[in-house]
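By letter and in written order, the chains are A, B, C and D; residue numbering begins at 1 in each of them.
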């Protein structure tokens, strides 16, 4: 298995502190032993519009030097410009599509071949059908740009935070309707737990279309610290021959988080399970 | 007392749902009985760059029709562009200053004369002195623009979320150093409770410089639902002759919030206290 | 407002005890002051196949004598025959359709003009699309039979227990696709709370199509005993001119429930709110 | 020891989801390492009336292929037809007796030689004597049919859910009064814990008549996850020379259950105890 760690807990989203520069974060995750880093596209790490050509090169060189890959990139929805591709506000949808394209370009510059797609949510009064259409239309525009750049877009069900793409089936259907070969799916165990569903079932259901995965225990704790059993998840990933990054997205919901601690605990726990299953 | 209600719990920041359009939110808060509405400058309510001249007029007309005033505006820090005026990233500081100026202009268009200033936070490795200098420099640029437009900037200590301006004294010092007559101070009871300090003490300390206030019970509950005693706060506001809006900033930390319920409960509770004190 | 009470907590579903005969239950709810009784179609109350013509007449006469109306009927899904209209097992779907028709006939015999439709759920491996098709097909067969009998079928989103029709939008879409004028929608505040959504929003969204409603506080407690604020719900029902029964479906999840206590507390709480709003 | 696992947590009783087909459930339990599977006779697994001759053969062949035995069958009381053999409703008792006979026949078809008998419960107003008589009469009819088919009926005290057969002594007395050699007893540690009694005491008390056992930790958790000590239970089973299946009946009370996880954890825990005692 290749392991990656999402940067939110080291960044200012959604908790402003503690935060660390992207350079510091890369060095720490490399030292802890991760193979990859999933980079959140928000200040202070990777808001695309603050990173000129030189800065992008610097970051890429640091990644290479530290022997850790940029595994994937994702936006930070929910504040400021919103970044809701299903918004009923036309200006927001247009900005969001352009932003995702800029994230795709940044991914290419940093050597990442995967960008996550958070399909958005509905305001009161907007129908499920309209929101779905808006999101699908946004996805197609983003996906076509990504296809030219050799980047895979992974649709993520985010039931805990939204009301549009909530399940494996929702994500697979949106993927299918996009009609694009580089649009695939992913999921986050945290959102599956929110729905009181079974995480390993999502792996078998998504099967060959599963190109990315977020692991989190209950309450965004590191795997092993919240009571969820990750054996069936690792077993299922082996069963389907998953070859993407196993990525932790944890700890970012609490100012009191100790990022290095969480990153190390998660990696240790999953490697122990992997060893036991071999 | 004039009562206002902050829009976050009706918006997509920081919880994406439930959310309501700015028009729906104005109508609901007016119906519940608020005098003012504090508008968060994030999608889907009031991201300045999605609101053209016509849309601003529409919103202003709706406010007038519903008999509720735009009491104040504020940005949504922490995601995407960051909006941290104390950032060590030059591009972020520049964007943030410009963004605050745009928020000031939007305030003017909507009839509000107050904009809140969240002074920012420090990443690991940035000194308190440097961050303070960055924030002060940003504040002066923003304040000068606001002065021309007749808008007051209120510095808010945000101890619960940040590590720069944490106390009444910090806010007063930054205000003083700005040297601008339209830079004043405010505070939020929630942040005072986070520091285990006494909210009414902040009122006497800030005195004539106190131009805005956020009320919240413990855990961002509506006043009256979390156990804090708001009598001393209302008494202190009367004592100093406070004539600004008493603004609720509550409920936005939980997806499970019922916005109308919270807005009504908060207003009922404070009016009851006010009546009792008369 | 007309108030009704669902019989589960007086029956053997899902907790076997305490249980009371249907006759005893009718007398108790009438005495407490309810206008209507929602009858669950399971033993020992109203399993249609245990109630011959005479027994149905007896129950109807008792209802008349006690001055309480049979407001609605519903099946008891989840055990024995399943009663899942979205089942991938053909035998189960066929039985379920026939069962709903028999429930409709029983409703007519007892003087009720509303039957609730629980749209079912998906097993692992069954796609959302297939399950939706199965449920829609079942609904059309049931709805056509009900139309002949003058009975309204109300589609209920049951997010807390299932994975098919979870939201107001899901229910409205299924209703629309049925193409039948006597197929309408309803919702249960308990399921809305499970989704961390806002109950009163469901009322405005469903509007004229809302023909039934279940009230329950958090954890299936009686309204007023669990912390939810029912003011906005009663206000919204008034706003849309709702003229159906306001039905409590509470307490049935715990053997320790005291049915009369719960029934009285719920009625008292809602009447108090109604009086206050007048 | 031979270990078996009850299918409720994989089925739609009492929680509708998650659920898995009987085929999927057989494969999973076999892979986890169980010797036997206890099959609940409810949709979607084994409602007898949905399983024709062919389907029964298919299931039997799958069991053989997967190397796992149908250890026992049981009905799902409490909804729809009730299945309460002590009901004061004659139609319900008659249906229940017939249903048990059909379950016995299904057991034979699937190769199981044990059927569990849940002796029922009393509605308000029905005396203990009458209910006992009803249940005994039902049991005799069922037991005689089972005797012809070579099936053992095990009477289970179910104190947590009912009010008729609550203790080891109740079960032994009903057994004795049946006068049938193929009527025996069993118990479930969960129900014993509900009465604050000592599970291993039930083993010594039931002794040679103990032909089946359900293990569950507190709160229907897997043995090892709820705090009960299972050493004395395993020791007592060895002491009396128990040669039936040690069957887990766990996890089915919560939608949030992860069935494979629970099944594996229970088996691991008990095998570890067994190894230690050898």
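One rule holds for everything that comes next: contacts are C-beta pairs under 8 Å (C-beta built on N, C-alpha and C of every residue); 3 or more make two chains touch, one makes a residue touch a chain.
All of these numbers come straight from a predicted model, not from anything done at the bench.
Colleague: So which chains count as neighbours of both chain A and chain D?
Modeller: Shared contacts of chain A and chain D: C.
Colleague: If more than half of the interface residue numbers appear on both sides, call it same; otherwise different. Which is it for chain B and chain C?
Modeller: At the contact between chain B and chain C, which are copies of one sequence, the residues are largely different (under half shared).
Colleague: Mind checking the centre-to-centre distance between chain B and chain D? Centres are C-alpha means, answer in whole Å.
Modeller: 61
Colleague: Just how far, in Å, is the C-alpha centre of chain C from the one of chain B?
Modeller: 44
Colleague: I'd like the Å distance between the centres of chain A and chain B, where a centre is the mean of that chain's Cα atoms.
Modeller: The separation of the two C-alpha centroids amounts to 31 Å.
Colleague: I need the residues of chain B touching at least two other chains; which ones are they?
Modeller: As it turns out, chain B has residues touching two or more other chains at 17-18, 255.
Colleague: Have a look at which chains touch which and call the overall pattern line, ring, star, complete or other.
Modeller: Looks like something else, not a line, ring, star or complete graph.
Colleague: Just spell out which pairs of chains touch, all of them.
Modeller: Taking the chains two at a time, the touching pairs are A-B, A-C, A-D, B-C, C-D.
Colleague: Write out the stretch or stretches of chain C touching chain B in their complex.
Modeller: 193, 196-201, 228-229, 231-232
Colleague: Can you list the residues on chain A that touch chain C in the complex?
Modeller: It is residues 124-125, 127-129, 163, 166-167, 169-170, 173, 195, 197-198, 201, 204-205 of chain A that touch chain C.
Colleague: Under the stated contact criterion, what part of chain D meets chain A in this complex?
Modeller: So the residues of chain D touching chain A come out as 17-18, 254-256, 258-261, 264-265.
Colleague: Provide the residue numbers of chain B that touch chain A in the complex, in ascending order.
Modeller: 12-21, 24, 42-44, 47, 49-50, 75-84, 87-89, 91-92, 95, 121-125, 160-163, 255
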